[in-house]
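Dropping the structure in here first, questions after.
Lettered A, B, C and D in written order, each chain numbered from 1.
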């Protein structure tokens, strides 16, 4: 079943008609409020038109009307699965504009929590991907273990999902004493669960058959479409902002950029996009271990480098590697305490735009698989 | 390549269409301002010229300045790992700019979004319709003089 | 009111023993078996998924997810409702069979949440389009808060009057309900007036 | 008619037949409640959680609450549906699965209708459900329902062929289509069950693999027949919402629901009858009186119901073309070969 051949059927006098199917915005597997207008010939998808904007929450308008600090909570709500990662590029950008340098402990806590959040996000991605394939149980297993990460975040910031923890020039508060042990526990548990998920879901023959050679995205097309994150790396492009343009203290750590290797299936198909996420969880664990070693033990005042007044001047395009891909903010500051313009370049927005081009010619069941492998978050697409 | 070098290279190729460079050497992002007339050629040159190879359009955003609309292109080269910001200024009364959708497909949705938010018209875009706001929405929300509607389809909008 | 209280005066107006207990049984069935529509809107949907998952186990309350509105008993508005989505939500609500209930989860669907001021495209409270039974505050609500909301909904269902609803109400109660509505209307108008003044 | 104790008790009159018809109905109702609770609790067990806990002791009354709830729900008939078909479809589906109970041998003393073509009858009436599903899917005037119905029809029709082959093989082995005959052929402890070659000399171990293959083919086929994971594509939630029952609400949906669970029991009891000795006790004549036979039969059938539920919460779903591939290109050749092997064995069997 590696290749799909075009079969020509002579229908004689029977007239056939293409069916327009409306998937969403409340369909169980559109991961939120995405609406897809699908044109079907039998079960074969001939065209897909995504309609987005059902969760357009006016982030850019609101950010123009709030101060630089007030923008951070709204950024949390953009990609609500990976709030810590979202805050990082914005805060780094403002710090760069204002010339603030933060201490090693703050930097390493930032790295640790972003990597933890990356793991949490990939867990959700794999879980929902499995659910799209019809396996409900891995979803619950992964959510169960995600709770451990959320507990640590809760102890740090007080919030389970939306944290507002990384602040311009520091953090909300310093890490608590048993932080290191908790994180080490999480790493051990994540590795255990990953083995379980590999056994239960990813090495399952049915799952492999469902996902390989589905929605293959060639590398050059992926680059031209501006894809990033696991979507691009699944196509075999070694592009990871943590390596390419290291921000924060990522240049101090030793880790691999995982790419889709095509050991099973072809490079760039849904299976490889998914397996990249599994690899990345392991890489994140490695980074966390190194960052824990690098982190100075003595607790310190994380508010020491807080600026008295945040009113930078200048323009900056600041970006970071989100679990979904490259999250960028184009910030224009004109010397007042409110940003003149904040444009969010969200990875899911760009990754989703490739969907119509990789899902044509597959079946409707494959369309769901492809959509799951893209791993979108609507809050980020619609902002 | 730094922005300055790219600017000189561009200036040699398209002398008048490349207007200015901003590079204060500080933290602020350096950028090149070009005119919208020859935009497609400039962008193609940026993408295909050896040594530039900007094959990745990171971001495309519109800005509503007091005197003009500006479209900002953030380019990145996955081959060479360098970045560039290109700005195009448009008059307020007739914001029309050629679409770069055929050069970078990622521009497709970004341009639709910019049209949706600012009303900037991208000539040559194959499907320039609203993307985030409903198709029957009135006005361009991110313009500085935008007033939110009182009612939409019989639902009261303000709090 | 327990069964014994009713035994004292079975010929009293209102549900007698048989009717009363049948009502209790029916209400018990509806309260304990709640099928919800499985769809998520925004941030709260992730928290709702966490509620659903093994750690908080939403199924303890006898809830089962249904993909189709035709088979669901209540819907959870888990997140920001935008104007583009509002009509769909309304339609989904209309597609659900009676008796149906709505839980509004999180500040966004309660009142617009953090988007109340400049959110030109955000519906400021889902109760502008559909009736809401239980509001769960929080941004997003903690899973425990949501479970509390579920308990509230179940207790609300199990205390519903099914037979001869209006006739059984005393005139006082009816007046009270009417007065309350008038009062709410008046307060709302006052509030609007104050807001208008603040604007000017 | 010595296979029916009710006829012995009350004589051969209309009232006896009424009682005979009511007993399976009562059983189905009771069983459906247990199976629904089982589904919820087994799902929770697989998924490392508790499941319904607040309805009675440990949530055992949960299915009762569901039924009471479903009875009260508004019965929506959408505007543009084909009313007669839409309203009859759930009953057709339920009748299809309930009619199969007529020949299910609960005990050597109780089989509602001791037909001499029992296996064939079950096979015929269980295909009846497809008509109901197609009716429901088409008349709903909903694209998802239509897709689900078409998928279901193609799936059930394809899977009936390998299933039929395994049924024929068992018929050849037992030289009968009568349920009780087939079971009586397997008397004498678990070593004589058909899965282990049936009643015969030690040479039968050569032919055990063939019967195992037939069992696996039949069981996979029965999963597809009852629309259970990994073949639940007609109602795959993540793809086509609810499939053929998307537009159904209230009691009509409950009919589909019941029919699915009843069907699960039918195919499980068929597996039991054909391969696992039906009501025979696994220990020869030990505990093999008519009352215990009911226990053995139900326990065996429920075990396969459990396996179906267990699989549902473990496996992902296959795709339509893969489903067809499995039937026509994998299961059918295997079934043919196994059938030939079994036929050869029943020829040379003394």
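Heads up, the rule we're going with is that a residue touches a chain if its C-beta (ideal position, glycine included) is under 8 Å from a C-beta of that chain, and two chains touch if they have at least 3 such contacts.
Fair warning: this is a prediction, and the values are worked out from it, not measured in the lab.
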item	value
Chain occupying the most central position, where position means C-alpha average	A
Where subunit B and subunit D are represented by their mean Cα positions, the distance between them in whole Å	63
Gap in Å, rounded to a whole number, between the CA centres of subunit C and subunit A	33
Gap in Å, rounded to a whole number, between the CA centres of subunit D and subunit C	40
Interchain centroid distance [CA atoms averaged], subunit A/subunit D, Å	44
Shared interface positions of subunit D, touching two or more other chains	47-49, 237, 241
Sites on subunit C at which at least two other chains make contact	38, 53-54, 67, 84, 117-118, 120-121
Where subunit A touches two or more other chains at once, by residue number	27-28, 53, 56, 58, 61, 140-141, 144, 382
In contact (per the touch rule at the top): chain pairs	A-B, A-C, A-D, B-C, C-D
Subunit C-touching residues of subunit A, taken from the complex the two chains share	25-28, 32-33, 53-58, 61-62, 65, 73-74, 77, 80-81, 124, 139-141, 143-144, 146-147, 150, 160-162, 378-379, 382
Residues of subunit C touching subunit D in the complex	25-26, 28-30, 32-33, 38, 53-54, 57, 59-62, 64, 66-68, 70-71, 73, 95, 97-99
Partner subunit C, residues of subunit D touching it in the complex	40, 44, 47-55, 59, 61-62, 64-76, 237, 241-242, 245-250, 253
Subunit C residues within the subunit B interface of the complex	83-84, 86-87, 111-112, 116-118, 120-121, 123-124, 128-129
Contact set on subunit C toward subunit A in their complex	37-43, 45-47, 49-50, 52-55, 67, 79-80, 82, 84-85, 88, 92, 114-115, 117-122, 139-140, 142-143
